[in-house]
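Some structures are shown below for you to check.
Next come two complexes, and both contain chain A; in the first it sits with chain B, in the second with chain C.
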Partner chain A sequence: MKHWWWKSLAIVLLLVASIAALWVPLSPALVHVSPSRIAPGETTVNITGYNTAFRSGIHAHFVNDGQVFCPQRIDVLDDTHISMVVEVPAGLREHMTDVVVDGLNYPAAFFTEGLGEGTEETGCSTETVTTSHQTGFTFPNRSILYESIRNLHFHVPMWFTMIALMGISVWKSIQVLGNSSLHDDRKAVSAVHVGLLFCALGLTTGSIWARATWGAFWTNDVKLNGAAVTALIYLAYLVLRGSVPDAYKRARLAAIYNIFAFVLLVMFLFVVPRLNAIDSLHPGSGGNSGFSDLDLDDRLRVVFYPAVAGWILLGAWLYELRHRTLRIIELQNA
Partner chain B sequence: MRTFCTFLLLLLGSVAAQAQVAPSWLEDKLYGGGKMNAVVVVVAIIIVGIGAWLWMQDRRLKRMEEKINK
Partner chain C sequence: MRTVEIAHLLKLEAALDLRQRAAWGGMLLYVVSAVYVAFLAVKGGLGTATWNALFWIILLFAAFNALSRSFQREDAGRQLYLYTLVDPRSVILARTLYNAATMVMLSLLSLLCYILFLGSDALREADLLQFLLAVVLGGIGFAAVLTLISAIAARAGSGLGLMAILGFPLVLPMLLAIMRASKLSLDGVAWSVNSTYFLGSALLDVITVTLAWLLYPYLWRD
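Showing the complex of A and B:
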C-alpha cells in the first residue's frame, strides 16, 4: 500500500483542482457598453454586466482624464443590464472615457467627441460602494477570456507534465550514457511516449482556447510554433530509435539525441518566447505580462498549483504503466 | 508506432485548422455561455485523449496475454 500513496494523491489533487476549476464563479464585471461613441449632449447608454446583480439605487459615474460626471438617471433592467441617461459635458480632455458602475470599472468604454480644455467641476460623487458583488472565492473576470480563464487549470498543466516527463527522460538518458543500461533506456523512451501524449493534448486544447480568445485555431505565436517544433523533435527521437536495430547502439544513440532534444525544448519553450524582440500572445512571454499582474491572481494559484501537481503525478503514473508494459513485453519476447 | 501516427494526425489536424475559417455554428458554440464552452471542449479533449492512450495500452497488454495463453 505504501507505493500507492502518490497515486491516491494524484486522484485527490486532480479531483479537487478540477472541481474547483469548473465550479468557482467568475467575479462580476462590465462586459459590454453601447454606444461605443459619446458626444456632448444627452445620451442614453446601455451597459451589460456579467455575474452582476444590479439593484435600483446603484451608483455609476464616468471618468475622463480625472474629470468625473454622473448620469441623470439609472434604470436597472435586470441583474445584468442597466440603461443610463447622461448629459455628456462639452470640452472633455481625453478621447477615452471610462465608466464605473457599482464599483466595477470598464476602462476606455467610450470614444469621446467634442474635446476641449476641460469641463467645470460637476460635484459628482465617485464613491465606489458596491452592492452587486459575488462574495467569496471567485476567479478574475478578464475581458476576452471570461469563463475560458478556467482553461488555465487544464491546458497549462499539460505542458508542465510534458516538461516533467521529458525531464525524467533526459535524466534516464544521462544514466544510460554512464551505465549502458537497457533498463534505463526503456524508462527514457516510456517517458517520451507519455510526454508526447501530453504534448498532443497541450497543442489541441491550446488550439481550442486560441480560437475562443485570439480568434484562430493556430496563430504564428512564437510559443505555438516552438511547441510544434518541440513535438517534431521528440517524434524524430522515436523515428531514430526505430531505425537502429542493435539494442545497445540504439540506447546510446537515443540517449545522446535525447539530451540535445531536451536542450532544444528548453530553448523553444522557455528562452525564445521570452526574448523581448519577439512578440507573443502568450501571457508571460515577450512583451506580454503573465496572469500574475491580476489583482486576484492568488485565487488562480490556489487552484493552479494543485492542478499542476495532480497532472504531473498522473503523468508519472501513466509513465510507470507504460514502462511496466514494455518491460513485460520484452521479457516475454526474450 | 501507433502512438506516433495518432500524434501526427492530431498535430496535423491542429496545424491544418489554421487555414480554414470555423463555421459559424462552431463559433457560436465556442463563444457561448461566456466562453464556458471552450472549457468544456478542452476538458473533453483531455479525457478522450488520455482514454484513447489507455485503450491503446490495454490492447498491447491484451495481445501479450493472448500470446501467453497460447
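Showing the complex of A and C:
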C-alpha cells in the first residue's frame, strides 16, 4: 500500500478537472448577426448573444475598415437578443463590417454592398462600458467550437496518455531484448492493452467532436491518419503475439516489432507533419489558430494540465491492474 | 560486419535467385496480372491522380509479395549454418541491399508494364527524371521497411498474411511521402518543391535500415 498516494492524486485530479471541464460556463459572446449583408439606408439588425445579459442602455457600434458608425435605436428583447435600427451610411468601403456590442466583438458580420470612398465623422463613440459580462472563471467562447470546447479536456489527454503508455511499453520491450524476461514482456503487453483502450477513447471523443465542428466523423487529416496507423500497428502487435506459441520467442519477436514500430510511429506522428506544411484541420496547424493564440489560453490551461496529469496517472493505474490480471491468468494456466 | 562478408552474401543471394528463376517469373506474373486486372477494371481514361494512386497500390502489393520470400526460402538448418559463418548484421544489411536492388528492378518493370496497358497520358506534363527518382526511391523504401518485417514474419512461422498485417501500417509513412512526391512530379513541379519529400523518404530509409541493423542480432537467435 505504499503507492496509494498517486492513485488518490489521480482520483482528485480527474474529479476536479472533469467537474470543472463540464461545469465552468463559457464567456459571453455574440453568436449570430442577421442579415448577412447590408446596403446604405435604414436596416434592422438582429443580434443573438450567448451567456450574455443585455440590459437597456448598452452600447453598440459598427466598424467598417476603421470607420465607426452607431445604430439609431437599440431594443433589448431579452438577455441574449437585441434588435437595432441602423441608418447605414452611403460611403461604406468595400470591406467586411464588424459588430461590437457591449465590448463583445463579432468580426466580419456583414458583407458590405456600399462601395463608397469612406464616410465623414459620425461622432459615434467607441467607448464601451461593459455591463453584461458574466464575471468569474469562464472558458473561451469561440465560433464553431462553442460549448464543445470542453471536449479539449477529455479528447487531448487520451492521446497524451496513450503515447505515455506506448512509451512505457517500448521501454519494457528494450529491457526484454536485454534480459529475455517474461515479466517485462507481460508489462509491455499490458501497457499496449491499456494504450489501445485510450486510443479507442481518443478516437470516439474525436469523432464526435469532428462531427459537431467539421461536419464529418472522419476526415483526411494528418492527425487522424496518425491515429489510424497507431491503432493498426498495435493491433498488428497483438496479432503477432497471438501467432507465436513459444513464450520466449514471442517475447523477443514482439519486442523487436514494438521498438521498430514505435520509432517509425514517432517519425510519422511528430516528424512527417512538420517536414512540410501538410494541411490539418486541427488547431495549431494548417493555418488554424491554436487554443493558445488568444488572450484566453490560461483559463483552459488551468483545467487542461490537471486533466492531462489525472488521465496519465489513471492510465498508469490501469496498466498496473492489467499487468496483475495477466499475471494471475498466467499463474492459473500454469 | 565486414564489406567482404556483405559482398559474399550478395553473391549468395544472386546465386540463389538464379537457381530459382521461377520465383522471379512469379513476381513479374503477379505484377502483370494486377496491372491487367486494373486495365480491365478502369476501361479507358484515368486522371493523373488516379493513375498515380493505382500504380502505387499495385507496386505496394507487388513489394509485399516479392519481399515475403526473402527470409522464407531457406530452412532453419541452413540459416543456422549461415549464422555460424558470418555476423548477423552482415546478413540483414546484405538482404536489405539485395531486396532494394530487386525492388528497384521490379518497380521499373512494373512501371513499364503499367504504361503499356494503362497508357502514358499522365506522363505528358511530368518531370520524368523526378518521377523515375520517386519510383526508385519508393522501391528502395519498401525494401528498407519490409526486410525486417519479412524476417519477423518468417520467424513467427506465418506467411504473407502476417507480413501484410505487420508491414502495412509501418510502410504508410514512406508510402504517403513517396506518393506525394510522385504526384507532384507528374504535375511537373520544380525540384525545390519536391526535394523535401525525397529527402524525407531518404531519411526514413536511413532510420529503418539503422533500426534493422540494431535489432536483427536479437531476432536470429532461437
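Here is the rule we go by: the second predicted complex is superposed on the first by the 326 of 334 C-alpha atoms of A that agree within 3 Å, B and C clash if a C-alpha of one lies under 4 Å from a C-alpha of the other, contacts with A are read in each partner's own complex, and residues count from 1 in each chain.
Going forward, contacts are C-beta pairs under 8 Å (C-beta built on N, C-alpha and C of every residue); 3 or more make two chains touch, one makes a residue touch a chain.
Quantities reported herein were computed from a predicted structural model and do not represent experimental measurements.
Enquirer: Now for A:197: first (chain B), second (chain C), both, or neither, which partner does it touch?
Expert: The first partner, chain B, only.
Enquirer: Can A:148 be said to touch chain B (first), chain C (second), both, or neither?
Expert: First partner only.
Enquirer: Is A:158 touching the first partner chain B, the second partner chain C, both, or neither of them?
Expert: In the superposition, A:158 touches chain B alone.
Enquirer: Mind working out whether A:68 is in touch with chain B, chain C, both or neither, as first, second, both or neither?
Expert: The answer is neither, since A:68 touches no partner chain.
Enquirer: Kindly classify A:53 by the partners it touches after superposition: chain B alone (first), chain C alone (second), both, or neither?
Expert: Neither: A:53 stays clear of chain B and chain C.
Enquirer: Quick one: is A:229 in contact with chain B, with chain C, with both, or with neither? Answer first, second, both or neither.
Expert: Only chain C; A:229 stays clear of chain B.
Enquirer: Does chain B (first) or chain C (second) touch A:216, or do both, or does neither?
Expert: first
Enquirer: Just to be sure I read the superposition right, which of the two partners does A:244 touch: chain B = first, chain C = second, or both, or neither?
Expert: In the superposition, A:244 touches chain C alone.
Enquirer: Which partner chains sit in contact with A:29 here, chain B, chain C, both or neither? Use first/second/both/neither.
Expert: It touches nothing on chain B or chain C.
Enquirer: Shared contact residues on chain A for chain B and chain C?
Expert: In chain A, positions 239 sit in both the chain B and chain C interfaces.
Enquirer: Under the stated contact criterion, what part of chain A meets chain C in this complex?
Expert: 177, 225, 229, 232-233, 236, 239-240, 243-244, 249, 252-253, 255-257, 259-261, 263-264, 267-268, 272, 275-276
Enquirer: So in the complex, the part of chain B that touches chain A is made up of which residues?
Expert: 1, 3-4, 6-8, 10-11, 13-15, 17-18, 22, 30-31, 33-39, 41-43, 45-46, 49-50, 53-54, 57, 60-61, 64, 67-68
Enquirer: In their shared complex, at which residues does chain A touch chain B?
Expert: Touch residues, chain A against chain B: 18, 22, 26, 50, 145-148, 150-151, 154-155, 158, 193-194, 196-197, 199-201, 203-205, 207-209, 211-213, 216-219, 228, 231, 235, 238-239, 242, 314, 318, 321-322, 325, 328-329, 332.
Enquirer: Any idea which chain C residues touch chain A in the complex?
Expert: Residues in contact with chain A: 145, 148-149, 152, 155-158, 162, 165-166, 168-170, 172-173, 176-177, 196-197, 200, 204, 207-208, 211-212, 215, 218-219, 221-222.
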